[in-house]
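Both complexes below contain chain A, partnered by chain B and then by chain C.
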Partner chain A sequence: MATITAPAQKAAPPGILTNRAARKLLTLAVAAAILVPLAVSQWGGTTWPSALTVDVSGPLGTASDWIIDNRDSHPLFLYFFGHVSNAVVISVHAVYLALLAVGWAGVTAVGALVAWRVAGVRLALGTAVAFLVCGLLGMWVPTMQTLALMVVAVVASVVVGALLGLAAGLSDRMDRVLRPVLDTMQVLPAFAYLLPVVLVFGIGVPAAVLATVVYAAPPMARLTALGLRGADKEVLEAVESLGTTARQRLLTARVPLARKDLLLGLNQTIMMALSMAVIASVIGAGGLGDRVYQALASVDVGAALAAGIPIVLLAVVLDRVTGAAGERLGDAQASPATWAYALVAAVAVALAGRFAGLLEWPEAWEAEIAGPVNRAVDWMTAHLYSGVPVIGGTADWAGHFTTWVLDPLRDGLQWLPWWSVLLVVAALAWLIGTWRTALTAVLAMAAIGVLGVWNPSLDTLSQVLAAVAVTLVIGFAVGVAAARSDRFERWLRPVLDVFQTMPQFVYLIPVVALFGVGRAPAVAAAVVYALPAVVRITTQGLRQVDPAALESARSLGATSGQQLRQVQLPLARPALLLAVNQGVVLVLAVVIIGGLVGGGALGYQVVFGLAQGDLAAGLVAGAAIVCLGLMLDRVTQPTERRTTKGA
Partner chain B sequence: MRLRTTAVAGALLLLTGCGAADMTEQASPFANAQGARTVTLSVQSWVGAQANVAVAQYLLEHELGYRVDTVQVDEVPAWDALSQGRVDAILEDWGHPEQEQRYVEDKKTIASGGDLGVTGHIGWFVPTYFAEEHPDVTDWKNLDKYAGLLRTPESGGKGQLMDGSPSYVTNDEALVKNLDLDYKVVFAGSEAAQITQIKQFAKEKKPFLTYWYTPQWLFEKVPMTEVKLPPYKDGCDADPAKVDCAYPHTPLQKYLNADFAKRGGEAAAFLKKFTWTTEDQNQVSLMIAEQKMSPEEAAKEWVDSHESVWKAWLP
Partner chain C sequence: MSTSTSTGTPPGTARPPAPVFSVDGLWKVFGPKAGRVPADPELTALSPAELRARTGCTAAVRDVSFDVRKGEVFVVMGLSGSGKSTLVRCLTRLIEPTAGTIAIDGEDVRAMDKSRLRELRRHRAAMVFQHFGLLPHRTVLDNVAYGLEVQGMGRAERRERAAEVVAKVGLEGLEHRRPGQLSGGQRQRVGLARALAVDPEVLLFDEPFSALDPLIRRDMQEEVVRLHREEGRTMVFITHDLQEALKLGDRIALMRDGRVVQLGTPEEIVGSPADDYVRAFVRDVPREQVVTVRTAMRPASSADEAGAGPALRPEATVTEAIEAVARAGSAARVMSDGRCLGVVDAEALLSVVAGTADTAGPVEGSRAAGAARVDDGASPPRAKPGAGEAPAERREPTNPALATTEEPV
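Let's turn to the complex of A and B:
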């Protein structure tokens, strides 16, 4: 993953903060004193009043029926979606055939040479090894299928994202329109995209590619806009004074100045596309994701892992190469001549591979890892599941966690009257942000009630809160340790990479084998998924603390514990807050995977909607997850108070 | 401005000039390029369905010279894909009256392919070791007696009835309510999770009550006994909210895309004739799920030893 830097923030002096906070709370209390009695007299009870819900299943059912009936005759489908779908099939097919024609030796060579030119010798070696491992695991053809799908999806995402970003970067009005849309898309769970796309395009590659584009384009759009807006004012003025036209300014100054952001956008888009490529296997995308998904049916962790490793390798290689390319941007550009040499060399290797018959990966070179992995997993679950002396087995922990943490949390949330939940949300969001963020948070929460999924949403919320708490405790502990020991961090980095990029389907079975079916394994899966980002941001935040501050603390005789508590942690506060925010968003992204291991609630409803082709059930639950995401994001994301005029 | 008009004109030309593009005519981009005869089969997520497809695929490829693509999707989306021609055949269907009405009766885009030869049955099961210890648990009337034993952290105070994948046919929540049982339905969310949990329970010889179905390879690994529910009568499951009877015994069906059924040549004829017994299917399933053989190897082993069975399927 590319690095995420926290925006530098100046902490306000505590005196003013408490004053302001008190003022906000007081206003809220007054508002509540007026509104709550009104609401209660009208609609009492603890759950959301049924008088205030809107049943959308009727219209959504009609819409879905209409699409099914008109899909093969209506002009919209014949002349628009049909061509879109055709274009996708043709391009994926073309890329796939090209990859197969170049052969495994050729693909490996081309990949390594490109990596060498843009990122250096070490990454070139890494790329070559990664491709060879894919072949070694017997996954060459599925890897190429995924790669073909990815290439098309990433190109389309980059084009769409860059265009949107350009619009948002150049026009303030577009920016205002697009920002909430992009915000929403970031918290929309990947599974929720699949349902409408499948309905229109049917299962298969076109639907998978389009869902991927919708999922992966927003980061590109965001970062493009950010890069264009962040361009140095003085440089722009200088260029303007030269009498350039607007288009010249854009092409010669603003876009080149935004290069780093654009590359970061590309990096993020690739990572998101790759994670979606796996999820899209549920709708028949083929490739590696399909192998992972099929292995699940026979509860074969080893086979799932064999297909998961190539995904991890692809992700790590693509991430490192695009990241390194971004860092080397400032350096002297490679001359076209070296590119030409690289090209010639690549073509030569590909041709040599062709003539030497190295097109298809030889079966004799495949290594079997499924057996040993399955034995290891069996051993682990057999010995850790229960009856471990003193500490108890994992199943016992899961039971206690469910009984003592998840149950009280869920019942407590569902016991609270609906208006008090809104009030708590408003208070939290207002304390950390502005009245606007508070309003968004409250409206998002109210929308959940209106959609008629209040209780399942609170169930999901309780799981999310528990998972975030566990993630933060472990994440901060590991992050602090990594920030203090270079060796530990070096050792940790590949582990985090693996956990962050491993398709979540792979750890579904081990999680159930350890924790049983229910909400506990769902929480465990969420923790595993969200932990790497939290650890990373924490470590980075702590390491960026001004060395001079640490030095002076040390000279005053502070012990290392005191340094950490009194200097590092307070100074790294923005980064820690960002870690909380990212933790929340990532945990929420796995809610649906939780539905696959017995987490129930919203996650299960989305899976149900997808499995039964029930647009209403799936979309409503998906929308509720988005609302929860918006609410949690607003409650955890500190917003700068709007700067007063003239400041 | 001229640029924009050209662009608009170009876009219009693109949209209208190329004529209609019927999405139903598209094949997978990963399908074979050499113009071979291709058949696309839908594989559902359970192993029995994988066994059907593995054997059909092996014979289509080795005896009839077809190339076979497989697509793994849930059941309802698979019906949808079948009607669009993205998939040519579903080999094992457990009964989807709503989809049958829509696609087979009304739109006529799907044609029936006849019986698979296997009879499917859904029910509630307890492990045999538990049933031997407490023989009366196999009658639903006594289930409440054992609710305490079957409690888990997820079922809160009540006994746990474990259900599986959301794509499967289930009336369990209505059954628990209408039979007034002290149980809570806990959805495992996927068959993989359900099987893993059953295996863990069995390893510890713990009692459990689960939604399950036959034929299923897991019975060979974890023997289970069915709990008798009130007997099934025709129409007793008509209203999903009022169901209070057992699940029926369903002769599993094959369905073909209507076009494919007419013009699919040898492949369509072969798939229509494809029929085998529960034992045959289980034999292949076990090789895949327990011995962790690849579906292709398992199919080869079965085909090598059952020539008399499959010779009859060839057109």
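Let's turn to the complex of A and C:
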């Protein structure tokens, strides 16, 4: 392709050919002019030609039937998956029983003491309060179920992730193999992981734990490898110059030097595990997620909120405590003696609780919030949903959004000829990234067509596009405001912190309360979920603009608007592109989950497949989700070019 | 070259001690199929740019030969990219050399197996790094003890040893700080202490003070001079700073584009630059602070002259001689072992300052006063028997690269 433009450029480079972007588009136009007529003459029409689809549901159905039939007899299941499954069930159950045996007083005390030792007094109090609120809401037992599943999943994720990270950190070849895999896993929506594990393990705790491990291990592996590779070269050289063996280097230098990254990996793994443990309620995880899931299914917002609050508290506490542990690394380490005292104190509290009969959360102390919340929601439904003078109601908004934005967008996408969609994808991906990313994106999009889910995928895509547009408009506006006003940023930061730690699932609760079910609420949840990341990246990007450049602009008498337009935004371009990329990935994850609240399209097909036991249909939708995620990530990925430039 | 470096230097009196490091024909080439470059005479003749264009390889060290004698401070100096840091890393094979031989106390370093090489790094040669290379998660004491820990020494014993060394480099009271809580100079003292703690035969310094402020740098240089005076340990010192090289070095190897362009005492480098490059380099050095009276003296014209006047060591600088001559009001005698080697009078000394002395190379141009500080701190180690400005003519066989490739222009 490049050879086509090369002679023209050599002869006399007209203005249009010197522009990099124009050159790419021209090349693409030439390629399209040849390929499109061919394709159209062969397979016309707007939707993906049926001649080019491969029906995989048949073979998939056979495979899943075979697995179901042989699950109890085939040696692979008997001697491998069976053992894995049993080990998971036993360990989750053991942790769960241990948590119950310690009792609520004991769990609260141990949690608070650990938080105190690694993160200080304030977080210790916060931890204790969080556990007590879980009890107050009558969610003690589900909280412990979720916690037990989390503990097992996190331990497994950390072990798996650290081992993979160690391999990738020490061996260049492993790194080359693992990195693209891990990078891709990180952009895929959580929902895509559910079906393959269900296929092997069936619905239940083992599937939930394994899906969680698969979802949560990549950050640990990535950060372990990153930490091991990022170690100060001169320190390693100095250590080598003293005659260390390879093992000594690893244990006394590389691993300790990577501690910050390792703890960050632990933090991210815990957060991802919590997020997934909640979503995995769809495949039988039980616990808090299951309560939310059940409540949402019957649009019982009060019950969903009662289970959702503990999830949020758990997320915030876990994030802050592990995050603080990373930040306090440089300080003097607590001596083993204080740990021993803390342990003794915790055991004493647990025993005291046991003898005082405080094992189970007393029912008298439970606060019933579902009733009042539902009454509030009913009031809202009655008064805010519709017909509010001048501004309309929330349901009206949702309806208008669906009619005026989502429907035209979806119909428009589905009306476009299939080849033009591919062409647009190729053009966008190539303009932002390289021809490699463009090729991956086009192949991913084509794979969706081949799988025969072209129309539902475009439906999901239309929701993603609408949500991304809204997210970016609001996100950039808020980000610019936060970058310009210190006071606004100070006020915004804790809000963003909390919003960023919440699991995706939780966002569905308020939008259902406000907008009911349908596609608009799914989009709203996606916007709310993706917004904090976009705002944060935008603010950081704008604030990290070279102060010297800004100062020189100011010294030339630029107004603040000119500074923003001519200096800050252009210099923050990489950050803004990253914000777009993150926004797209996060929006897709929630739009898919939106299938649970009437979002339809691919997400619904996954849920439907699970609910009906029709794994083949679900798997096809899952594969389409993977392709869609891959395509959207590649289309918005500017990183590739930067790395090739640096090399 | 061979004539210019030995001009005016009388035959040495010190017996040549066995070299600690003996480097011969050393090459380090980075790039694809690096091994073919040193072996191919056609390739070795190319300039760095041509070599890069032809083979894609970069020769960081090109056919370097020298001996490091026991007890001396051997300085390798050159600008960035001259290959000096690569050279010092080749000595303990932190970077694997491409060709040539390296011997430590007669033992072939390149032939060592892994465990023998570890042994070398653990006990015989310790290195001090430009950016310190400290472990941020360990206290000062544990950083200093790290080399001993690696050797497998027990906790109490290594901490005791480390505490002694920490005191020796003047860090008492900071034992339990972490590197992040120290200033740059203090961190480099930790780096120095870590190298000293293993009691190595040779200390290797890789631009250790380049990252420090000028005042702290001077403190640290004096610290090195003091340590060398007290312990007489052999040192290989890499620097890009000429003043530092002149101040610390018993002998200096000046590198450019991977080759040693001149090897000699500070006096020889300043007094008889081997080529225009070296000449441009040393142009601003006040030569009275580097040139010794051994070079500036003339034979005593009469027995009377040889019998009276203030006495000077042959290693005394012209600056010192000026002071002595000015005080006495007469010519000074250069004395060694009670024998008068020659005399220096006001006229001879003045001609050194003016740059007209015949011993000196054609040094011209301006003279930045006070640019060089070759103060008496550097003199005592140089006066040590065996480590002094040992006879210049012995230098030639150890440095064939120099003799064959560099012609004074």
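Miscellaneous remarks
As a working rule, the second predicted complex is superposed on the first by the 536 of 647 C-alpha atoms of A that agree within 3 Å, B and C clash if a C-alpha of one lies under 4 Å from a C-alpha of the other, contacts with A are read in each partner's own complex, and residues count from 1 in each chain.
Here is the rule we use: a residue touches a chain if its C-beta (ideal position, glycine included) is under 8 Å from a C-beta of that chain, and two chains touch if they have at least 3 such contacts.
This one's a predicted model, so the numbers in the text were calculated from it and none came from an experiment.
Using the contact criterion defined above for the overlaid structures, shared-chain residue A:R23 touches neither chain B nor chain C, since it reaches no partner. Contacts of A:P256 after superposition: chain C is touched, whereas chain B is not reached. Within the superposed three-chain model, A:R122 lies out of touch with both chain B and chain C [touch as defined at top]. Taking chain B and chain C in turn and counting the residues of chain A each one touches, the greater count comes from B.
In the superposition on chain A, no contact is made by A:R176 with either chain B or chain C.
In the superposed model, A:T244 lies in contact with chain C only, and not with chain B. Looking at the shared chain after the overlay, A:F81 reaches chain B, while chain C stays out of its contact range.
Within the superposed three-chain model, A:G613 lies in touch with chain B and out of touch with chain C [touch as defined at top]. Contacts of chain A with chain B, set against its contacts with chain C after fitting on chain A, share not one residue. Those residues of chain A lying in contact with chain C across their complex are 232, 234-235, 237-245, 248, 252-253, 256-257, 259, 329-330. Taken in their complex, chain B has these residues touching chain A: 14-16, 18, 20-24, 26-30, 33, 43, 45-47, 50, 71-78, 80-81, 84, 86-87, 102, 152-154, 156, 162, 165-167, 186-197, 199-200, 203-204, 288-289, 292.
Across the complex, chain A meets chain B through its residues 68, 71-72, 75, 77-83, 85-86, 89-90, 92-93, 96-97, 145, 148, 198, 201-206, 281-284, 286-287, 290, 293-294, 296-300, 302-303, 370-371, 374, 381-382, 385-386, 395, 398-400, 402-403, 407, 508-509, 512-513, 516-521, 594-600, 603-604, 607-608, 610-613.
Residue ranges of chain C in contact with chain A, taken from their complex: 89, 92, 94, 117-123, 126-127, 129-137, 146-147, 149-151, 178, 180, 191, 194, 198, 204.
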